[in-house]
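Order of writing sets the labels: A, B, C and D. Residues in every chain begin at 1.
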Amino acid sequence: MSINYIPRRFTVVRDKELCINCGCCVRQCSNECHYFADDGKTALVNSNACVACHRCVDMCPTGALRIEKYVCDYRENANWTPQYQQEICRQAATGGVLLSGMGTPKPYPIYWDKILLNASQVTNPSIDPLREPMEIRTILGRKPEKITVEKKGKSTVDMPPQVILETPIMFSAMSFGSISLNAQKSLAMAAKNLGTLFNTGEGGLHPDLRDYTDCAIVQVASGRFGVHKDYLQNSRFIEIKIGQGAKPGIGGHLPGEKVNVEVSNARMIPEGSDAISPAPHHDIYSIEDLRQLIWSLKQATHNEKPVSVKIAAVHNVAAIASGCARAGADIIAIDGFRGGTGAAPTRIRDNVGIPIELALAAADQRLRDEGIRSSISLVAAGSFRCSADIVKAIALGADACYCASAPLIAMGCHMCQTCNTGKCNWGIATQRPELVKRLNPDIMHERVENLINAWNHEIKEIMGGMGINSVDSLRGNRLMLRGIGLTEKELEILGIKHAGE
Amino acid sequence: MLKEGQIRIPSGCAIAAIIDRKGGMINGSEIIKSIALMHDRSNGLGGGFAAYGIYPEHKDDYAFHIFYENSEAHKACEDFLFRHFNIDAAERIPTRKVDSIENGPDIWRYFGRVNRVRMNNSRLDEGEYVVQCVTKVNSAFDGAYIFSSGKNMGCFKAVGYPEDVGEFYMLDKYDAYLWTAHGRFPTNTPGWWGGAHPFNILDWSIVHNGEISSYDTNRRYIEQFGYKCTMQTDTEVITYLFDHLIRHHGLPLNVAADVLTAPEWDEIDRMDKGKKEYFTNLRAIYSGALVNGPFSVILGSNKGLLAVNDRLKLRSLTAATKGSRAYFASEESAIRIICPDPEKVWSVSGADPVFIPLELDGKGED
Amino acid sequence: MKKVYAKEELCLNCRLCEVYCKTAHSQSKDIIKANKFESPEPVSRVTVCGDKMLSAAVNCRHCDSPKCVEACITGAMQKDKKTGIVWVDEDKCIGCMTCLAVCPFGCIKTGKFAVKCDLCRTEDEPACVKNCPNRALVYADLGGGE
Amino acid sequence: MMNYVIAGASAAGLACAEQIRKEDKDGRIILLTKEEYLPYSRPSISYYLKGKVTEKDMCLRKPSYYKSIGIEIVTGAEVTAIDRKKKTVRAGRKTYHYDKLCLCTGSKPFVPPMKNTEGKENALTFLDLASTKELKKKANKDTRAVVIGAGLIGMKAAEGLSKICKSVDVAELSERVLPSILDAKSSKSVKSYIETEGHINFHLGDTVTEAKSTGNRITSVVLKSGKELPCDLLVLAVGVRPETSLAEKAGIEVNRGIITDPGTMQTSDSDIYAAGDCAVSVDMLDGSKKIIALWVNAVRQGKAAGSQMAGGEGVTGGTFAVNAIDFYGMRICTCGLINAAGEKYSDRVIQQGDSYKRLIFEENRLVGFVLINASENAGIYTNLIENKTDVTALHGDILGTPSLMWFDKETRKSRLKGESA
């Protein structure tokens, strides 16, 4: 056996006084941290493979298990931190690109936490959302510049296809393959009941989700997996995925072992073959190519489906967003760099892109400066942790927000960041049948719905406090925001004042 | 201390209006009496009036009312005005001394028509040309402020209680077929005359009571289309919204009112197909123009008078009619003091704007 | 009647149903005491059979014409006429286990007496259903058993 | 209104009466028992002997039960004659008219010829509560008991007595204990276990030929081998025979037991049925006609007879032997053709520690099993036997613990639903 060079990360502690040796942990840990002694009865622990997913902790009926950080000090060095040393060791052993799952854990500024919200006092009444209607219905799609009417009450305008959401929260793209069918189905069921949409990612649409096409956003990504006429037709809108916040400029790679029969059918690729999404779309080398693809997709769907373009938040995101709008995108989704992923090269995830707050503020302002903001919809993505984040994003200018990590957490994800291993103990980021069945869509859609309903309530509460009873009046209402501890430049980009001003 | 345009100042208010839809003339003393009754709704930091039909002899000319804070501004502004318009008459607006009103600017008015050569060169239509000239003066000429720019109408405003402002401008000498009035209760003391209401652009004038919570949404919406909200007041943004919807999008006044106070989705969902589609489209296209928060607005124009209340009816606004006259005021008493026996009195509801069109037989209309 | 039904496609093989059944049928009703200290050791009436790939929690079907009742030589095994519950009168049971030998589902366990699911003798959900983390057990009336 | 008369009130008789009531709400049901007790669990007598159950707990139903469902039960009423013409039975001094009659007379002890045992006060049988009470009364800690017969009854008597008496000797003519339910191999281990746990002395391949007595009391017995055992209590438990004398007298067809239709339990007289240990059964596993003296068999036959008598269509299912019994904590569970011999039969055995499992197959299906301390989920084996399931189609090791997961998805689904297994 060779030297490991990297200490383990966690220690699983079993409280012998509480443990009843029921063996639940043994049967639940896909990393095989728990096992029985030779007597077949006494549960033992080997912490080496522990990823702190908490499956055993949460399942243990007596609370006998605890996961601790394994503390193993290195000589202090602010530059050569243990993490870099360990990553070097890992690469020295494998010669490979480091891969990680979920969004970046690095302590980059989170502007949501540096923005404060306003509320009404005296001069303007706050509104009680329990007594007054509080509207969060959101309509996405390209809008004509103006309405034309025959007379009051009779519209004659030719409206392009619109998407009506009962909440400004949608579920972001997570493909079947990167997540399990049960996970995707839970999101689809929740979306249907909530009046919002889920996103197939680039994994195609599994036949089991046929009942949910009304609330499906179907993605057309660089690999074109699963794309065919019915797929496009069976959707609420189509999304061209140019980039992803967690890995701008990088394609995707679903390893062959995750491509089982079901995944292979949905993606229309041979079973067991690697599903590789190229970094660029090989038919989009310029903005005019994007325009052609947008028009092709609209043609293919008889102009019945809005087309969204999803881009990663990169440095000149505002100009790119404007370009997309002018190329015919009805909806522009911007994915900030804290966004999640099933697997991304660690270096890319942790270093490329910009935060969604700045990207959103810049893009919204740019589109307004060009006078085209009201004709298209802007969707923000990239790590919304709570309803206040959503409210802030809408006030910065978003029409709607894409959430992925939060619903995953509602379904059991513990951010152990090992989605790439395919051994997700919560049945989310895995295709192993014995793990997938752990995620019961009948339970999980309820949990996801509860989460979004809770957020909806909170959004309404916050709006009510502001004296606003329609999310329309929150959108782009940056006067409702104040920065705290931000520099002049940051405030300028965000287009908000400092608290106290 | 920052004045309007440098800071957003919320305020409470009293508003009142009288219209004779047949074009019958009403003396200024009436509207003063009405607004004066609501003395306690203002705090002496702003009052004003708009009057329609007061300049019949100049009815085809733009009437510019301008505050000058100094002679440099006066000169620069006049130069600009004379270059862009063919000005027929220029005079100080007559005022009388009122104790409570002091430190006022020099107040002038001009009558004239657009300079067609310049206008054609600018490739703007006439309305847009005038608006841009006014915006230019107000944003670029420090110390000069055009506060009235319509035809056959004029705004009169100052820092003070409205009844004192009326006295100051000698409004008992004016007769108009449409009056609006405003008494202001700002929550700080900018002491700037330009900040008083009504707010006017072309012949649209607005008096407004309330504080709209959708201000920045509305501002950022309207600013996409070339407007610049220099005053940072609700009244300004509402005026621009109306101007944009009516002038640029060609919407009837009552459709524009629907945009600002669109019904709730609950209500829309219950409507028949045609109406549902109308309001859904309206809300989808004009989500940025939906006005939220408490407000009551009276929009005056040469087309008539529109009274709008917020969707939740958070601000009071009472309407009454008698004969060819219609009365509006924040409080019913302010109507009854000048019209003790109205035929009909009602509270303007959020969902149902009131529009009183003028039927002037071509008398006041372009 | 309402019975406990197992869904094998959702069973995680965690066997918490067994733990909670055991606890519910213990003297102390305390999970630690019941599973560690009690003597005689309580017996779970539900058994998860299978492995991680395929498993299901099996317990008494409370049959319409229960073979165990037929075979009981003492009249201890009875089907309650009102509730439909098949239960063991422990005073009568002599522990011969003939019932076990005829139960086609494998739902009777050996204890001091014949031990089997009594649906926790509650109107409420039985402990196994209540504590199943994946709703692989449902307590429902799908007809039959009265 | 129909008149139903049932002679005998143990498993078959009671099941018959209850089934009639289920299908005929109004008919008059008369249940006659020669015993002085309301129906009780006959097999429990050994547990009563060793003090595990009380007399009260042996009752199959509460005393008020019979009235509540309208069964007229008469104790101490042995049916002595049937008048098939008049359709009456005679019990004691009373005559009962029947429209349908069911004979559930059970069995009687078989007492082999022995010298000097008849009428001795300390020579007892062990079959019903009365005899058990007698036995219990006579046994004490100084008693040296001798049991004749190592079948189920004899062994249970021996077990019970071993907890009371000073010593227990068991004499059995056969070479092994429990010959009817155990194969040769397992009976050996069972014997040694019982010897150790119960301190019982076995005399296999031997039997009592003669008793010596003082007055009316036996003092010792002499075995065929010549051995002489001191004896304070002699238990005659060699076996039982069907009680058919009543049927025979009435001219109903009898061959060892009462001959019936194996489905409907109808005898040669179409208004007379027979059920339980007195009737001949057909073993579904090999087609042989025999007495299968089993509780469950009696219940099923009683139900079928009851249903037919009430005009219903209930019939017995297939019949085969299932036995579960324990000795000193050792659990024995056997079923089917445990002593099958012949080319078409094969077996598989697994023995681990004190557990023993032997499965007997006929070609690809299970026809019998012997489980000692390995009875977990035994019913699934029983079910395989009953359904004649092709065991080669099962997933999993048939010698392992029987599991639902052995079956295909469809079967699993229907089993989990509780559909007929």
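One rule holds in what follows: contacts are C-beta pairs under 8 Å (C-beta built on N, C-alpha and C of every residue); 3 or more make two chains touch, one makes a residue touch a chain.
Worth saying up front: this structure is predicted, and the values here are computed from it rather than measured.
Asks: Please give the intersection of the contact partners of chain B with those of chain C.
Replies: Of all the chains present, those in contact with both chain B and chain C are A.
Asks: Weigh C-D against A-C on C-beta contact pairs and write down the one with more.
Replies: Result: the pair with more contacts is C-D.
Asks: Roughly how far is chain C from chain D, going centre to centre by Cα mean, in whole Å?
Replies: Going by mean C-alpha positions, chain C sits 28 Å from chain D.
Asks: Return the distance between the CA-based centres of chain A and chain C, expressed in whole Å.
Replies: Spacing between the chain centres: roughly 43 Å.
Asks: Taking each chain's centre as the mean of its CA atoms, how far is chain A from chain D in angstrom?
Replies: Computed from C-alpha means, the inter-chain centre distance equals 70 Å.
Asks: Calculate how many whole Å lie between the centre of chain A and the centre of chain B, each centre taken as the average of the chain's C-alpha atoms.
Replies: So the centre of chain A lies 47 Å away from the centre of chain B.
Asks: Taking the touch definition from the header, please name the shape of the chain graph: line, ring, star, complete or other.
Replies: line
Asks: By the touch definition up top, name every chain pair that qualifies.
Replies: Chains touch in the following pairs: A-B, A-C, C-D.
Asks: Per the contact definition, I'd like the list of chain C residues that touch chain A in the complex.
Replies: 9-16, 18-20, 31-32, 35-36, 52-53, 131, 133-136
Asks: Spell out the part of chain C that touches chain D in their complex, as residue ranges.
Replies: So the residues of chain C in touch with chain D come to 3, 5-8, 49-51, 54-56, 58, 61-63, 67, 70-75, 91-92, 94-108, 110, 142, 144-145.
Asks: What residues on chain A touch chain B, complex-wise?
Replies: Counting only chain A, the residues touching chain B are 120, 123-125, 127, 132-133, 135, 137, 139, 141, 143-147, 149, 151-155, 157, 159, 162, 164, 368-369, 371-374, 397, 466-470, 472-480.
Asks: Which residues of chain B touch chain A once you look at their complex with the stated criterion?
Replies: 8, 10-12, 187, 210-211, 213-218, 220-221, 223-226, 248-252, 254-255, 258-259, 264-266, 274-275, 277-278, 280-288, 290-294, 311-312, 314
Asks: Name, in rising order, each residue of chain A that touches chain C in their complex.
Replies: 18, 20-24, 27-28, 59, 61-62, 433-434, 437-438, 440, 442-443
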